[in-house]
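Next up: the structures, one after another.
Both complexes shown next keep chain A, but they swap its partner, so chain B is in the first and chain C is in the second.
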Partner chain A sequence: MTTFLFVLLAGLAIGSAIAMVVQRNPLYSAISLIGVFIALAGLYLTLAAPFLAAIQIIVYAGAIMVLVVFVIMLLNVEEEEHKPLRMGYLTVIAILLAAILFGEAGFILYFMGNSPLEPLNPNAVGNASNVGLTASIGTGLFTTYLLPFEITSVLLLMAIVGAMTLARRVGLLRPTDLVVPGSQVLTRQTLDPKAIGDATEVESSTTAEAARVLGLEGVPHRREE
Partner chain B sequence: MDWNTITSVGLKLLGINIAFVVVLMIVAYTVLAERRVLALIQGRLGPNRVGYGGILQPFADLLKFIFKEEIVPDKATKFVYFLAPFIAIVGALMTIIVYPFGPDVNLPVIGAVRLVAAQFDVSLLYVLAITSIGVYGIALAGWSSNNKYSLMGGLRASAQLISYELSLGLSLVGVVLLSGSLDLFSIVEQQTNRWGFGTTANIFLQPLSWNIFLQPLGFIIYLISAIAETNRVPFDLPEAETELVAGFHTEYSALKFALFFMAEYVNMFTVSMLATTLFLGGWNGPFVEQLPFLGVFYFLGKVIFFLFLYIWLRGTLPRFRFDQLMNFGWKFLLPVAILNVVLTATVYFVTMLF
Partner chain C sequence: MPDVSLSWYLALSAVLFTIGVAGVIIKRNAISMFMCIELMLNAVNLTFVAFSSYFRDVSGQLFVFIVMTVAAAEAAVGLGIILAVFRNRESLDVDDSSVLKN
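Our next item is the complex of A and B:
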């Protein structure tokens, strides 16, 4: 039964993974990737790790892939067209890496004998059924592996702060400034109340930036009057 | 496979089927109840012609859905277009199996039976996982219809579900912290007799051991985010009729539309079941110990109360604007949910010390 489930889920995972790479429509690739994640969750279940299986679906299939699908839908990415390969040497490297991977797999299979499903050290399986339970994962994370766990969370926090810093505009905006997505062309009269009729063009993405370019930083904003 | 295994598997299948039939019947009549109650609120009569007081209306609706012409847009992405309703309905129905409908009961021939189809270590996480898959039904339906209104509806749905899933998950953490378990059945069992309220002389004090009295803030946060998760008024922006025709299901007709419609109501039912299980004591209530079958009625009664609440809200509240929805979710609900977790953990730790 377990072998049958393993073959079924592993086949599903590999098939979806191949489909993900081969598909030309990015949304189909995303759906295939969701299939991979669900098949992996099933594999975790057969390995007696229900907590990991649930988290796999919640985090990867439920959160990250929703964002990916969201972005694909928002940008309306068209189907990829046939283009001549730009970096030809990548093919050679890919074949080399694939050969190494297959070599490793063959090496492991050779030294494990004929039954790859049996664990190497039978004595280590004593309480294998408890390893995947929620309580033992929690205890492990907050006692033995506390430091790696905390470091990982700090790393994620750094990633969030970094993304915020990269996405933020340079300099602070006044509450009265107008922010328009993308760059725009403003006339001088929209920025300086005293220069009505002056249509000098300034390109910027906010009114504050345009004012800085024109040297009008101290002048009260039109909307403040 | 000996005889015992076969009977137990058969019993499980039977139980799952009974649960599905009961839930689907209640869902069908929720639609009728919604139309009648809304009519009552708005001073109309509502559908009352099919059968006595409209009692056969759900079946008439179903027949009409079956016999309607099926229209597929010419430029729709066919495969995804047909896949989306199935993801929606499967994601909605799959969670029913883990809810405990009642305590252990003695049946005449079979013996002691636990009224839950599947009980396992992480059933709460299972519910959250399946619910998070359900959003693909709506998002893909909006994308594949090749219609701007549908796409807007799908985008709104995915943005809204991502935003409110966080506060929904965090509002449940308080209950999990207190009960120390992710198994729904044991969470319900812990609400039977907390601080001796289940065994006092006055049996009507039993409700005081429910989780809602320990987690009032968590309950309110859960209720709000659950309404947002099911795309119901006042959070029904993915299908806002005034702006988007019908949102993500604009291009769906006949049975495929019926599947979306059913998925929405089954989702309402399952989030109500989760609220009942986690906060309102599940099947617990006075006299359940003497009459175990009473538990099923308590459970369904509490769920039906939540369904009534949904309809009531729909009759009284206007729709949010999208920026209001996002601001409310991220700037108010999420911080309050985090505060609830911190508060619960602190109080729990302090009471453990003394």
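Our next item is the complex of A and C:
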């Protein structure tokens, strides 16, 4: 039964992974990647790690992939067009090296299979193992690995600040500018580079109209950063 | 039927990692490359969980937990960078962004 589950889930994972690489449409790639994540969550269950299986579904298939799909749809990514391979003459060498890699991997795995280490069997030790349950993970996370856990929170804070800095749209208005909903309100310093610090507001529908009201026609506009 | 052993999981992990590496090399779309990197991270996670289950040690699973957090942070920052590059160049093709200037 375990063997059947492993073969099923491994086949799903490898098939989805290959489909992900072969697909040209990024959206289909993303959906194939979700298939890989779900197959891996099932494999975690066969390895007696239910907490990680749940986290895998929630964080990866839920949060991260939603973000990726959101960005794909936001940017309206088109399919990759066919282009000639950049270094086509290396294809033969690549196939040769891949064959060597597979040979090495098969060699190592063949001898690992005959290694005298105990087999992966949940009943081998005899006692009921609680490795992988939420309680043991929480205990490890808040005792032995407390420092990495705290560093992780700092990392997340840095990621939040970094993402906001990168995705922020640098616009015409600054924090000192006054804005009234429904009408465009510009300040004098927005229109005249020499009037820094002058926050006199000008109500208008266009920037050019505001410049005319202020008598600033002909003054070169500040370059939009 | 033979029993599932550790080496099966390691072999699966190696295959997934290799597919991820191949994807990063083949793909030209920045978002597709990003997803291939996620695949590689997941392959490593599978190795961690397999060894954790094999040695009955919870440390491996805690590593996976932290790797997942790093992957989430990477997703946020990486997609932010992709958005900024797209805004500048109107393209996600990494060949169009081969120089950092402008």
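Heads up, the rule we're going with is that the second predicted complex is superposed on the first by the 123 of 225 C-alpha atoms of A that agree within 3 Å, B and C clash if a C-alpha of one lies under 4 Å from a C-alpha of the other, contacts with A are read in each partner's own complex, and residues count from 1 in each chain.
We take it that a contact is a pair of C-beta atoms (placed from the backbone, for glycine too) under 8 Å apart; a residue touches a chain by one contact, two chains touch by 3 or more.
Everything numeric in this text was worked out from a predicted model, so none of it was measured.
S.K.: If chain A is used to align the two complexes, do chain B and chain C fit next to each other or clash?
M.R.: fit
S.K.: Which partner does A:Ile57 contact after superposing on A: first (chain B), second (chain C), both, neither?
M.R.: The answer is first: A:Ile57 touches chain B but not chain C.
S.K.: Contact-wise, after the overlay, does A:Thr134 reach chain B, chain C, both or neither (first, second, both, neither)?
M.R.: first
S.K.: Look at A:Leu67 in the shared chain and tell me whether it touches chain B only, chain C only, both, or neither; answer first, second, both or neither.
M.R.: In the superposition, A:Leu67 touches chain B and chain C alike.
S.K.: By residue count, is chain A touched more by chain B or by chain C?
M.R.: Partner touching more chain A residues in the overlay: C.
S.K.: If we overlay the two complexes on their shared chain A, which of chain B and chain C does A:Ala19 touch? Say first, second, both or neither.
M.R.: A:Ala19 contacts neither chain B nor chain C.
S.K.: Name the contact category of A:Leu8: first (chain B only), second (chain C only), both, or neither.
M.R.: In the superposition, A:Leu8 contacts neither chain B nor chain C.
S.K.: After superposition on the shared chain, which partner residues are touched by A:Met158: those of chain B (first), chain C (second), both, or neither?
M.R.: After superposing on A, A:Met158 lies in contact with chain C but is clear of chain B.
S.K.: Touch test for A:Ile31: chain B only (first), chain C only (second), both, or neither?
M.R.: first
S.K.: What is the minimum C-alpha distance, in Å, between chain B and chain C after the two complexes are superposed on chain A?
M.R.: 14
S.K.: Let me check the overlay on chain A: which residues of chain A are in contact with chain B and also with chain C?
M.R.: 51, 55, 63, 67, 74
S.K.: Enumerate the contact residues on chain A facing chain B in the complex.
M.R.: Interface residues on the chain A side: 27-28, 31, 34, 38, 41, 50-51, 53-55, 57-58, 61-63, 66-67, 69-70, 73-74, 133-134.
S.K.: What does chain B use to touch chain A in their complex?
M.R.: Touching chain A: residues 77, 80, 120-122, 125-126, 128-130, 132-133, 135-136, 139-140, 142-143, 151, 154-155, 158-159, 161-162, 165, 182 of chain B.
S.K.: So in the complex, which bits of chain C are touching chain A?
M.R.: Going through chain C, the ones touching chain A are 1-12, 14-16, 18-20, 22-23, 26-29, 31-32, 34-36, 38-39, 42, 45-46, 49-50, 52-54, 56-59, 61-62, 64-66, 68-77, 79-84, 86, 92-93.
S.K.: Inside the complex, what are the residues of chain A that reach chain C?
M.R.: 2-4, 6, 10, 13-14, 17-18, 20-21, 26, 29-30, 33, 36-37, 40, 43-44, 46-49, 51-52, 55-56, 59-60, 63-64, 67-68, 71-72, 74-75, 77, 80, 83, 101, 105, 109, 112-113, 117, 119-121, 125, 129, 131-132, 136-137, 139-141, 144-145, 148-149, 152, 155-156, 158-160, 162-167
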